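You will see two complexes here that share chain A, one where it goes with chain B and one where it goes with chain C.
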Partner chain A sequence: MNMTWTNEPDRQQTGTATMAKPALPVLQLVGVSKRFDGFTAVDDISLDIREGEFLTIVGPSGSGKTTLLRMLAGLEQPSDGNITLRGTLINDLPPRARPTCLVFQSLALFPHMTVGRNVEFPLKAKGVAAAIRKERALELLRMVRLPESYYGKNVMTCSGGERQRVALARAFAYDPDVLFFDEPLSALDYKLKKLLEKELKDLHKESGKTFVYITHSLEEAMVMSDRIGVMRAGKLVQVGSPEAIYGAPQTRFVAEFLGEVNVFGASLEGTGWVAETSGEPIRLVLPKPLAGASKAAVVVRPEYMKFLADPGDADNAVRGVIYNEYSLGSRIQYQVRAGDRVFLVEMSRAQARPGAGSGEVLIGWNAADAIVVEA
Partner chain B sequence: MSDATLPVVDAESQPASRLTRWRGLRLSTGARCASPVALFMALGFLAPLITVIGFAFATPRTFAVFKSFTLQNFAEIFDPADTVWMSFAWSLALAFATVVVLLVICYPIAYGLVRVFGRWSALISIAFVFPLFISENVRLYGWTLFFINHGVLDGLLQEIGLSAPDVLFSPAITLFGMVYTYLSFMLFPMTLGLSMVPGDLIEAARDFGASRLMIWREIELPLAMPGILIGALLTFVLAAGAVAEAKILGGQSVIMISHDIEIAFTYSQNWPRGSALAVLLMIVIAGLSMTLMARLDLDRILGRR
Partner chain C sequence: MDTTRPRRTHSLIWVWTLFVALVVYLPVVCGALAGLSKGRYFLFPIRAFSFEWWQKTLDSLEIQRIVENSILIALIVTVVSLALAFFGALAFARYDWRGRRLYQKLLLLPIFFPQPVLGLALLLWFNTLGIQPSWHTAIVAHLVWIVPVVTLVIAIQVYGFDPAMEEAAADLGASRWMILRDVTLPILWPGIWSGALFAFLLSWGNFPLSLYTAGADSTVPKWLYSKMVAGYTPMVPALGTMSTLAAATLLLLGGAIAGFVRARRNR
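The block that comes next holds the complex of A and B.
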């Protein structure tokens, strides 16, 4: 997986003025690695970050995404490879000399300062006069939807969501070309998180700045991003639009990272593919079996699984027993045991089947709805 | 915990013991648990303090504590003919100078311990603590041997044909002794204060383009201030009562206030005067420390809010 993701077809973008910019990468990584005492945190990553895009890097904890972001912000230097900003090598450029700004996971608000002084800090560092600073700070508070009266408020008395907004206003005060976000929403409750995700997306559109966001939550990435990069053990395993990542994962890891899916090994026996199971063999009809491979992993999303009346109703059919059902709100998830394997089937509430324990059922899916990835 | 509280619950449900019924008061569990310490503090801490205050208002050169009341001791001290004010001045001035010198010396060391030395920090900290295991007087005599004519320094320099300057028995060497003695009392609170400045705040400030000076002035110093103030307070209070440095290294070129108090209690056998001096010293130091403490946010030091 050592390639540059520049030739990826562009996702259909909704027409905002800022997105019509030429596709010149604002930041470019070529073969970037970072090693700490024999441990490789980031391993040979090449990536173009486009002007004005909202790029999200997702990955489990310890996958190296924070280290990657810290290198982009200038807080760490790469051990290998080059980082260029609009064509200029910036490997060793200190953070203060970069037109970039990092919003820390902790937010790193200055606890001994008021909201106003926090927001004004980058302006003060630039030597902006006090009166102009205040005017600009009030403007920024309005932009992040905080009342102007918060200007003199102690920042530590603000709520979690308000602190997010202060941190955001402060980052915008620096007026960077690129904003980096290190999981800033991870500590918030679900409802507030959803609200701020949308606001962040709006802010991205309005400002036209490039946002690079890292999170371990794919859900968060899906909502906000133009493109998503998935990291695993220091490597970038796939980069693409949310639809591409969701609809066409290239590896089992990416498929499984995207949430609850049916993933099972399949092997070529004679001329046909069979699912690996201890029970009675399940013959498979696959969309496009890997050429030359004798093993593969098959991914079927639970929402593409259905209950069948007759084995001929779908390309693939499996006989099993419902042993559990969960309400997921608008949908219901069934767990169907077939041999030693459990299949997840999701239905909307309207199509829901009668409850568990209703004996043997027939489930299946169409070949076109399955994704075949490397085993 | 439940085991510990059970007997108490039983005691509550039983009729009150004869003692508590007689006194007509029922102490809460907490108050009863605290009473041994409270008694200890009252006898060991409060009683001597009250006695000293009592002596300060007793007739001079008598032991008529709590039997006489006079302001004569204070009148004598404030009499312009009495030179004891010089001891006060020297003690406070040297204590102040000690604090200033220690602030300058300890800041880089504390910074190093927190941000630079890494895993060596523990070893270096121990090196600073180790001398405290030896009596202060012994250490000061060690310095005397180091600086004295034909001592360690002078002897070594004579080997190469030089001689050491005569530094002993001066106010300057007294200050040196005080700085040496109280170094750890400034260093460790300061280190604690600096270690409480989160690293990502410094990084964020750097990211926002702040210069080193701006980061130090606006982020590091204010956030480390509680630790620095505690260190300053601790060293000031200790240094204001210091006596051994002036006696051993300073050769009594300077008389410290603690020395005057000691003399009043011993050779002069004038306890009321000694007590009055002690009370004045307490008032001065308490006044200074309270002013400082009022500016301290202890919540931040202990609980990180």
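The block that comes next holds the complex of A and C.
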């Protein structure tokens, strides 16, 4: 399967103003692969990165997303395929000659320099005079919301969040057209992460630069991105707006990567579809008929499952037994066993069934709320 | 709670520390006192103290000559071994290349090789090649043993170096030269500095290699040994004490400079 996303129609044009005109992609990958000693880290990826967009690549660790980013930054060379920057082939262009900048997972701040000298580093490399360097560094510190007094501070005495900001200011000092982020927020606590996600999003809007962000957290991707690409085992399996990825996953992998979902195999028996389960057969009503296929995977998000009073209350109904109940804060999750299968049913605390701790229940979902993907 | 227990532990730690310090420093102190004795022979207790032998040591043209030899050898060994060991350490700990593991093992061998045997082997080599042993050949001999040591000292620092920093510098537009000057060297500086101290002091104090390979030229340890074997004078402990004091001063100076640099950086 060789999917190419380059010709895909724009699913979402509402992101940023620069996206509206169908300009030349800032970066274009065509059939890019990277192999290390017989191991294929990135496998035949084609992708257009649009001018000014916030693109997030998500995938489990080892899916090749960091290698992909390193090739874009020029720190690795592709084994196959072409990377072009506004139409110019840049496969072998060294990082220092690219108008791109990478914010490393470790941030890679220079521990022997002050905050100010870290931020000024790219300006010094360009040969900018000291006075102008300082002026610009102070400006950048303001931009990332650090006090100007931090200019002379030892960077190793800064907190985790402050170091993030220093790394960001340093990247902006290079004045790149495209910024790459390699999970820079992964080491921070939840609250700070949320704050910095928001600031990063704001910074993206204000600067108008192209951001390419990689993370293993879909939640992070959902919050910030104009588009999301999902990677698995070196391949890009789906690219689209957050809404499209969440609402219409194209494979079982993408569906399961999006968080806890009910996924089960279904097969065509006679004229109707039946869920693959060891217990009593569960007849299924699917949202759309699958042409030619006799097997499929059905995805139903836990929040679309509900308790029924009568089997006729929903298109699909399953009889089961509640055997676990979890509090997820504002939401409650029930685990309902039906035969050898466990269904997750999630609802807000306000709707939760009081005293549903045990006993037989009837659960169900409407056909329109299910997503059918390749088995 | 029982507070006597931590207090007792505390005092025991003190007693033990003092005992260790005594065992380590008593011989040094004895040597120093022997150099301050007025008598001609190495006898205890010392009946009369004087700076006579110190003065004689300082006035001796022969000693001036061997100290110059030792310092010159140690300085050249330091410079050459730093240059070799710096890049050797990068190859040892920073870059992954075919044959690196073999290199890491081969590098360690000379350190474990008994120095007198190494000295003799080198002397045989010099003879075979028709090279007259002198302080020049002693430098080569010292390097054979000291370069691996210094490489290891710097390699320890290199292991703690995040290669992403060099990548980040390149990504931010720095040239190879700027990366070396502004990132790699300053970060590895503590390791380079301790490597330099090691190189200097190991060369300064080396006896077995100098004995075999310095030929007619003498160094401080070689002179001390020859005088101990035949013709003892209190100039031996006097020179030994001076040598120790000079080394200690060098170490303190190194520590002070490192502390000063750290303080300036943290300001």
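Here is the rule we use: the second predicted complex is superposed on the first by the 351 of 375 C-alpha atoms of A that agree within 3 Å, B and C clash if a C-alpha of one lies under 4 Å from a C-alpha of the other, contacts with A are read in each partner's own complex, and residues count from 1 in each chain.
The rule is simple: a residue touches a chain if its C-beta (ideal position, glycine included) is under 8 Å from a C-beta of that chain, and two chains touch if they have at least 3 such contacts.
If you're wondering where the values come from, they're calculated on a predicted model, not measured in any experiment.
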- Task: Could you classify chain B and chain C on chain A, in the superposed arrangement, as clash or fit?
- Result: clash
- Item | First, second, both or neither for A:95, with chain B first and chain C second | both
- Message: Per the contact definition in the header, classify A:73: touching chain B only (first), chain C only (second), both, or neither.
- Response: both
- Examine A:104 and indicate which partner it touches, taking first as chain B and second as chain C; both and neither are also allowed. both
- Task: Return the chain, chain B or chain C, that is in touch with more residues of chain A.
- Result: C
- Task: Considering only touches as defined above, state whether A:129 meets chain B (first), chain C (second), both or neither.
- Result: neither
- Have a look at where A:328 lands relative to chain B and chain C in the superposition and call it first, second, both or neither. neither
- Message: Under the stated touch criterion, which partner chain does A:154 make contact with: chain B (first), chain C (second), both, or neither?
- Response: second
- Query: Taking the two structures together, which residues of chain A meet both chain B and chain C?
  - Reply: 73-75, 94-96, 100-102, 104, 106, 108, 110-112, 121-122, 124-126, 170, 174
- Message: For a test of understanding, state which residues of chain C touch chain A in their complex under the given definition.
- Response: 162, 164-165, 167-175, 178, 182-183, 186-187, 189, 265-267
- Item | chain C contact footprint on chain A (complex, rising order) | 73-75, 94-96, 100-102, 104-106, 108, 110-112, 114, 121-122, 124-126, 152, 154, 157, 170-171, 173-174
- In the complex of these two chains, what residues of chain B are touching chain A? 198, 200-201, 203-211, 214, 218-219, 222-223, 300, 305
- Message: Please output the residues of chain A touching chain B within their complex, sorted ascending.
- Response: 73-75, 94-96, 100-102, 104, 106, 108, 110-112, 121-122, 124-126, 156, 170, 174
